[in-house]
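Two complexes come next, and they have one chain in common, chain A, joined by chain B in the first and chain C in the second.
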Partner chain A sequence: MAVVNREISKKAAEIRKELGHNFRDVMVEDIYKDAEAIAQKAVTIKSARQYDFDQKVDKILTSPIFGIPIMGALLALVFWLTIVGANVPSALLADGLFWLEDQMAQGMQLLGSPWWLTGFLIHGVYKGLAWVVSVMLPPMAIFFPVFTILEDFGYLPRVAFNMDWLFRKAGAHGKQSLTMAMGFGCNAAGIIATRVIESPRERIIAILTNNFVPCNGRFPTLIMLSIVFVAAAFPPAVASLVAAGTVVTIVLIGVLTTLIVSSVLSRTVLKGEASSFTLELPPYRKPAIGRILYTSLIDRTLFVLWRAIIMAAPAGGLIWLLANISIQDQSLAMWIAGWLNPAGHLMGLDGAILLAYIVAIPANEIVVPTIIMIYSHAGTMLDITQLDQLRALLVDQAGWTMLTAVNLMLFALLHNPCSTAILTIWKETKSVRWTVIGALMPLGIGIVVTFLVAQIWRLF
Partner chain B sequence: MLIALGIVLLILVVLYFLRERKNNARMQQVYLEDALKYIFNREEAGHRATMEGIKGTLSISNRQNQEIIQQLQQNKLITLSEEGLHLTAEGRELSMEIVRAHRIWETFLERETDLPLHQIHQFADQQEHTTRGAKVEAMAAHLGFPTVDPHGDPIPEMGKMAPEPHRQNLNDWEVGREGRIAHIEDEPISVAREIFKKGFRVDDAVRVLERSQGEVRLEHLGKEHRLSTVSAQNIHLTETSLESQEALKTLDDLKQGEEARIRALSKRIQGLSRRRLLDLGFTPGVPVQKVLISAFGGDPTVYRVRGAKIALRKHQAQQIYIQ
Partner chain C sequence: MSVKETIKEASASPCESCGFNLQRLGIEVDKWDYVIALAGNPNTGKSTVFNHLTGLKQHTGNWPGKTVTRAEGGFTWQNKTFKMVDLPGTYSLLSASVDEEVARDFLLFGQPDATIVVMDATILERNLNLVLQILEITDHVVIALNLMDEARRKGMDVDHRALAKQLGVPVVPTVARQGTGLNLLIESVHGVIEGTIPTKPHRIRVSPAIQQALDQLVPEIERVFPELPNARWIAMRLLDGDIKVQKALEKGEWDVFLGESVFDQAHSAETEAL
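Let's turn to the complex of A and B:
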């Protein structure tokens, strides 16, 4: 058998040598010829109405006047639906899950469990999990289906077409605008979405820069800071407008960083990587709502949520341990925050913030609750919904200034991806090199940027 | 404490020397092969290969040079005579294997990566020492067993190399006569870079328009170019094949709404890009219509091919010839 196989391979090699270098061209041409012959017999095209309709819609959606405004309006609408629509379910979910926390804690106490076991399991592991679920689930359950409707309708490739000029200049692919938009929902989902970019170089660029788009786990931090610090400095009449403007500014800084980093990557480490550009503009279709709900809930929301839960539960346990193990009357969290203070000060932040970012590597949703926990010497993660109280804690007690707020917003935008996103980079590239660069490059940029801002700020 | 530190230091020193030795062994191998290649190239060109030549090409000391020559002799790869160094049959075979690896690598880099063309020679120089046998053959099979590398040099196969076709330097080419680029020298790199950057490729048709002091003016793919005599020295031409390449129209030349049949895909689109375009249906003979030009910078442009709408960037559309 083996002998026959070898003979066959040898024969195949010989024949292949006679084919010449353009055998692929010839093969594809032949396949198309056959396909055309079959299609001519089997397919009848009734009318060109669909095509004419597509042409008309394309004219509007890609027009120099309406193209960009329509895109901006739809993006704003998606955000508005996500943020407003998620508010109530998020609050309900949080109430329910935290009510359950109390019930379970009481139950365990009745069963005679020691306080540290109850604390670790319920106020640590469970709380971390509940927190991430209540912050993350509602926005994702809204954002992904809405985004998928636009995808299914056929609108997204038109966005890629309109935005390509910008990305071409940065050595990237127009479709990167879509993976970035997906990154607003979740960077891990955005990284998976880069599969639509068929060109290896542009795909790696899109993967490595996706983290410069703030995901919905980071949005609450940005919104809170822009309300408590930036907007508070303006009269109430324009405050909410200023808050929104601040968040948009941060997002734009992220987009600018993406373009700059893309451009640098494509001209340096990725210079030799193969590259090609094609973009199909499919016919417009009526979105299949049922299928959309199914795919976006199962494929994206639940998938991402499951990974986050796996990551968040241990983080919750760790945070509880840090807050409840005391050495010389001071919790471990306080000690570590103290050690990190000098580094934090250099970056215009402080030790507690850095510690929160380290323990929140699994899930960025718990950054602010952890910071509040450390400042208020609490034993578990805390949320303060009253803005005055929050301001009192952060400004009067922890000594935050406008610099702290600005740099925290910058650092929320520019730091290492969460562990789910890092794992996803590894799964998508199967390369240690790209995973390490994808994890450390944003962190390095974040450290440099916050450091420079802090130094310049203090000059004045 | 001090003892522990001492032990760590010792281990580091030992590791360093081990690594150095391994590096040295690898360097030695590279030197041997480069020396062999030098002798091979001299012989191919009908020149004498000398010890001084090796020393100069490899930039090594006299002692190293002697070691290398001794080693090559011991391995029965070369013989020495009054006239200089000669390859044995074995040496010749090994040289050709190295040259094959180098030229297959160059072809691979040209077609499958976006490395600038003037850099592929350097890159292949590093790879040729570590890629051999089955791997080279697998690359060759993927490329469809090319016979000529991107510089126009023949790729040896089964220990045989096609004789170099008759070719003439661009500086000696008759004014007004059309020729085909047969060879672009890969060194010096700065010159190769200029030539490739101006768009000249092996197999392109050119016509010398005028020769003046230190400069040659020529027509290439419907455009006029100027090359310094120094650059022109690195280009060789042969008789053009019957079908002359006048400026062909491309998809990019179509106006919005116009339609044309594809004539061919330029040889400049290779590898991934070519496969993508073919897969999407941009095959010779197929009608293509320009439907929509991006309002933002006029690039990319949507083409309708086989009922589908595909956007291509300008530089790609310029590589698809139409009838």
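Let's turn to the complex of A and C:
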């Protein structure tokens, strides 16, 4: 049996040689000719109005001059809407949830619960949850639907079209701009999306660099810092614009890092030419608002929030324990933060921030709440329910400067992927080597960049 | 009954407005009567069709390449349980990216009972490239001619009967976003599976040199594997130097690429290549 079968493939090989020319090209040409003939018999074009409309819009949105500026402006608009819209609901949520914290603590006291149980459950676990919900829910509930409207309209492929030449120059695949755009939602999703890239070399580049665009878990950190620190230095009228501009700048730094790292990789360990591909620009479609609200709120917002909550509850408990178990009159949290302080100082950060990053490895979403929890447990127990109170805590108590805020934003952009993303890299590459590189390379870059920024900053 | 007549009759079916007599099963499909593959170019509304029929909420979006993995779901219709496999959207089945391989391997080796190919009516010609390739692989095909509303808005008149006549398989006009035409789609799929709607799929008109090569090779394949439904396609793949198909042929094992092993194969090939 096996012999007969091999004979067939041998014969096929012979015929292939006889054919002499490239079989694939002829075949593809035949298929196209056939398709053209069939389509001609089935389609009658009465007028070409809509087609004109699409072309006119594309002329602007993908123009070599305006395409990229428009992209930046749209991105800024999305962040501005998010920042302006999330402000009030965030404050209301925080008010309500922290009021509930007091009520529950009193209730447990009345029921005779020991102080440490009340502390662990209410001031630890619950407080962690309350922070995550009030800091993250409003921005996500605005960001996701707005972003999905752009996606449904058909804008994402235009983004890929605009950025194709940049990625090609970097020796990477043009479709990497699509997987990068997916990364804004979730890096793990962006990494899975690299399956559309044919060449293994370019796919690995796309996987390794996906983490350089901030995911939705990291946007709240960026948005909060840009409001509290950068925008606060400007008059209220322009503050939200400045905050949006700051987030856009951070995103652009992320894109730039993606291009630089892709370029370095494709010239060293992953050498090769960029392969060409056809990108279809789909017709513009009127976004289906009802469906967008459903999928972006239920699928994305609640999904991300739920994940954050699962991670934040134990993190809150852990922080409370670290803050309340004392050795020689100093809490464990203070000991660890103290040990990490020299390294933190070199990077323009501090020990508490590094501790928060270690606690938050499972999910980036909880970095800021964790930092706040460490500080507020460390000093006098201050209840922070307003953003200006937050600023007071960070600046007056923890001694933050503009450098701390800038470097924290940079480090939020450039550090190791969350555990889910790392696991996804392993699942997609099935290689320990690429997984380790994918996890450690961004962290290394983050450490180097924040270190350099801190040193240069301090020179002036 | 000729294909054309059957389609006319199906189109005249009264039950377009009486709602679906369909029960969505989500992903809870344990036993099924039929497996249906859902194929098509990227961004034609495949996932929308899939969601509508199964009641699942796969994320949909207006950009090509959104679905890169196989999604599965199911529904029952007239006491029959259908398992649906949503394949990644691809422009062709000839190249070697992971998403195209997932789609091709399932059609070629998974042998679904029927395949729905979702087409974008506004760019029919470009979509036909994939359709013609799928018709070489399997006879049991029903075309969902989707985005008919958009085609009308663009001032295009797409004649689904003319298309059906040329392709030799049923063509059902649909607007998946609104669920229009999906009942008729399932009815046609059922008809194709049961054999009440006969199909005679179009064969790619190839140039004489290729036809000559196929004439030599196809009888050989048919002699060794008489039950193989797509000897012509296999021959084309061999002539193109497709290692995977060649290996399957040599071993005589067609199911080796199925299931999750599709991914593993692709991955090990990739990491080896590095």
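Just so we're on the same page, the second predicted complex is superposed on the first by the 233 of 460 C-alpha atoms of A that agree within 3 Å, B and C clash if a C-alpha of one lies under 4 Å from a C-alpha of the other, contacts with A are read in each partner's own complex, and residues count from 1 in each chain.
Basically, a residue touches a chain if its C-beta (ideal position, glycine included) is under 8 Å from a C-beta of that chain, and two chains touch if they have at least 3 such contacts.
Since this is a predicted model, take the numbers as computed values, not measurements.
Visitor: After superposition on the shared chain, which partner residues are touched by A:A76: those of chain B (first), chain C (second), both, or neither?
Guide: neither
Visitor: Quick one: classify A:I456 as touching chain B (first), chain C (second), both or neither.
Guide: A:I456 contacts neither chain B nor chain C.
Visitor: Examine A:L241 and indicate which partner it touches, taking first as chain B and second as chain C; both and neither are also allowed.
Guide: After superposing on A, A:L241 lies clear of both chain B and chain C.
Visitor: Which chain, chain B or chain C, ends up touching more residues of chain A in the combined arrangement?
Guide: C
Visitor: Is A:M402 in contact with chain B, with chain C, with both, or with neither (first, second, both, neither)?
Guide: neither
Visitor: Is A:T429 in contact with chain B, with chain C, with both, or with neither (first, second, both, neither)?
Guide: Only chain C; A:T429 stays clear of chain B.
Visitor: Between chain B (first) and chain C (second), which does A:V28 come into contact with in this model arrangement: first, second, both, or neither?
Guide: After superposing on A, A:V28 lies in contact with both chain B and chain C.
Visitor: A:T62 contacts which: chain B (first), chain C (second), both, neither?
Guide: The answer is first: A:T62 touches chain B but not chain C.
Visitor: By the touch definition at the top of the document, which applies to A:N162: first (chain B), second (chain C), both, or neither?
Guide: The first partner, chain B, only.
Visitor: Would you sort A:A42 into first (chain B), second (chain C), both or neither based on which partner it touches?
Guide: second
Visitor: Using the superposition described at the top, list the residues of chain A that contact chain B and also contact chain C.
Guide: Comparing the two interfaces on chain A, one with chain B and one with chain C, the shared residues are 16, 19, 23-24, 28-29, 32, 198, 200-201, 278-280, 282.
Visitor: Residue numbers of chain B touching chain A in their complex, please.
Guide: Within the complex, chain B contacts chain A at residues 109, 112-116, 119, 123, 141, 143-146, 265, 271-281, 283-286, 291-292, 294-297, 299-300, 302, 306, 308-313, 316.
Visitor: Going by the contact rule at the top, pick out the chain A residues touching chain B in the complex.
Guide: Of all residues in chain A, those touching chain B are 13, 16-17, 19-25, 28-29, 32, 54-55, 58-59, 62-64, 67, 161-166, 168, 174, 198-201, 271-282.
Visitor: Provide the residue numbers of chain C that touch chain A in the complex, in ascending order.
Guide: Listed in rising order, the residues are 41-43, 57, 59-65, 68-69, 88, 91, 94-99, 122, 124-126, 128-129, 132-133, 150, 153-160, 162-163, 166-167, 177, 202, 204-207, 209-210, 213, 216-217, 220-221, 224, 235-236, 238-241, 246, 249-252, 264, 267-268, 270-271, 273-274.
Visitor: Help me check something: in the complex, which residues belonging to chain A touch chain C?
Guide: Touching chain C: residues 1-2, 4-9, 11-12, 15-16, 18-19, 23-24, 26-36, 38-39, 41-51, 148, 151-154, 156-157, 175, 178, 192-193, 195-198, 200-201, 203-204, 270, 278-280, 282-283, 285, 288, 291, 294-295, 298-299, 428-431 of chain A.
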